[in-house]
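Going by the order they are written in, the chains are A, B and C; count residues from 1 in each one.
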Amino acid sequence: MIVLCTDFGPAGPYTGQMQAVLHGQAPGVPVVSLFTDLPPFDIEAAAYLLPAYTRGFPPGTVFLCVVDPGVGGARPGVVAEIDGRWYVGPNEGLFALLARRADTARCWQLAVPPGASPSFHGRDVFAPVAARLARGGSVPGEVTDPTALLRPDWADELWRVAYVDHYGNAITGLRAAVLEPGAGLLLNGYLLKYARTFSDMQDGLVCWYENANGLVEFASNRGRADTALGIQVGTPFSLA
Amino acid sequence: MIVLCTDFGPAGPYTGQMQAVLHGQAPGVPVVSLFTDLPPFDIEAAAYLLPAYTRGFPPGTVFLCVVDPGVGGARPGVVAEIDGRWYVGPNEGLFALLARRADTARCWQLAVPPGASPSFHGRDVFAPVAARLARGGSVPGEVTDPTALLRPDWADELWRVAYVDHYGNAITGLRAAVLEPGAGLLLNGYLLKYARTFSDMQDGLVCWYENANGLVEFASNRGRADTALGIQVGTPFSLA
Amino acid sequence: MIVLCTDFGPAGPYTGQMQAVLHGQAPGVPVVSLFTDLPPFDIEAAAYLLPAYTRGFPPGTVFLCVVDPGVGGARPGVVAEIDGRWYVGPNEGLFALLARRADTARCWQLAVPPGASPSFHGRDVFAPVAARLARGGSVPGEVTDPTALLRPDWADELWRVAYVDHYGNAITGLRAAVLEPGAGLLLNGYLLKYARTFSDMQDGLVCWYENANGLVEFASNRGRADTALGIQVGTPFSLA
């Protein structure tokens, strides 16, 4: 299975152009769009979401990840094999938290093939490599030290909102397991209490809960947490 | 074929997470997103749209339907076999109109497997069941009376807007066949006349027509009916 | 491969309804959504985008293209075979630039089958034909002169914005190869210089570059060109 995680947006044409490459070069392999709306250009937010949202996938899954404001510049492209899954994309930190928390990690640096567009490596560099890996082909590129994936300047948890979903729920880069059970959190001057799931929240009240992927998420039962508290991607929070 | 009808939104990550389960557990079965933007939390609107938008599908189609504000609470999950098609999802009325208008209906109540997230039964409860049905597997769960699907407190037709599409057309929960040919309708103080299709509407005028799925829909030729008349999901209307 | 180019919007239900027809009538053929958000009703914009965005696809690809405000009226539906690829959709100019620039073009006019909805030929007329072509079936319809595809009243290049993407980049209908290298462009009173790719643009400055499909595009490095300069679909520009 090939899984797409990008900031391309839910409509055209970039996802479709990558899918066409994938269907052409890895026929019969299912292609799933996991995220098409990662926050634009926000490599750090994506880096903290990826470990949570990719961990449930079977070994051998190929993640084609493109949040790539530096495309066409000096930043390298990589293939990473982390805990039995493949990741392909630009290397400016996108896989840094995956690598930091990995049991096993290997890394290859990708060359840019002649004729690749300087503005769309997703289609011209990364998708062909993802297709090749999904077919069981050998890894292209030059082996490099997986420490190249790391960003030692980044913290272990991201104490800000990394994604706001269609319901207005705000997903953070903080793993719920890090908190004391029932901890209170402070955001935009509001104290946010813990709830187990939406239906346990008092109507109109924004709470935090451990979402289905293990991250702290701010939500409101049948309401929008983002508009209720003025939350957007990047909004910081702290322990109460 | 597995068909998704949800309020998850057009982007990530929930649809992709369900698709990953489906491709993993029902390999080779096509998965189609019919609705990813049913009105959030609005079970009633979805219940009146489903009969119109699922009737054209072949026997054996599996509809995985998730509008589920009560997830993790006491509301049960169900499998329903209605007129030869399968429906899987939470039971708070989502399949009520399908069941009311059915020639044949059977129903099973689903247990929540251990380890299921209390906030994402779509991925952890309903998608595995949909995959199993699409593979031709036996129905899990306990047989229950299909009257459990019904909502006797709901009317036969929904005289309000149930969905606003990308063009600004407003789809209602009213079947056009119920109206006298050429009837006039009143909405927000406007009298809306009948037209056969968009190109028969006078420019700038909002009309109602019988849409391609048999429902009354308000539209404007090359314009937006929603902004022209201040229509949103929930806007009521009546006979003139 | 069947490729969808429509103005249906990124969510439901129209794309899913067409995909259901395609999976049912052309089992196993991959279906890719290239554009689901072509500018609504804007046949001309789509006509200049199609040559750029379809040229990279392999011979035999079937493009199912629906920007169709005249649906149900007198406008004919067509199949066009242009330079070895298939195009199916309404004929009000959608394929005019493809045909004008073609080495080889053939054309068939489609009949509307009985029972087709007068408001959704995409599902009832064009999708079944696309499925048939993708299966290798014969072309239905009556051979007609491919000059029927042309719009002699349209210019060779479209000097206006034809599409604004998720990042706020503005794609035009002008092929970059037509311009002198490094030419300056004028839009909304701003002088826009040339850059090779995003990372070569000075922060905060909107430039034009040749996008990954050969068209002139206005963009800003890690910013939104559309809001910076007040650009929307239809905004004209000229040589400086």
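Methods note: a residue touches a chain if its C-beta (ideal position, glycine included) is under 8 Å from a C-beta of that chain, and two chains touch if they have at least 3 such contacts.
Keep in mind it's a predicted model, so treat the numbers as computed, not measured.
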item: Between subunit A and subunit C, the fewest steps along chains that touch one another; value: 1
item: Proportion of interface numbers common to subunit B and subunit C (over half same, under half different); value: different
item: Separation of mean Cα positions, subunit C and subunit B [Å, integer]; value: 30
item: Two or more partner chains touched - positions in subunit A; value: 9-11, 37
item: Subunit C-facing residues of subunit A, complex; value: 7-17, 19-20, 23-24, 27, 37, 40-41, 69-73, 117-120, 123-124
item: Contact footprint of subunit C on subunit B as seen in their complex; value: 1, 3-5, 9-11, 30, 32-38, 53, 56-58, 165-167, 196-200, 209, 211-212, 221-222
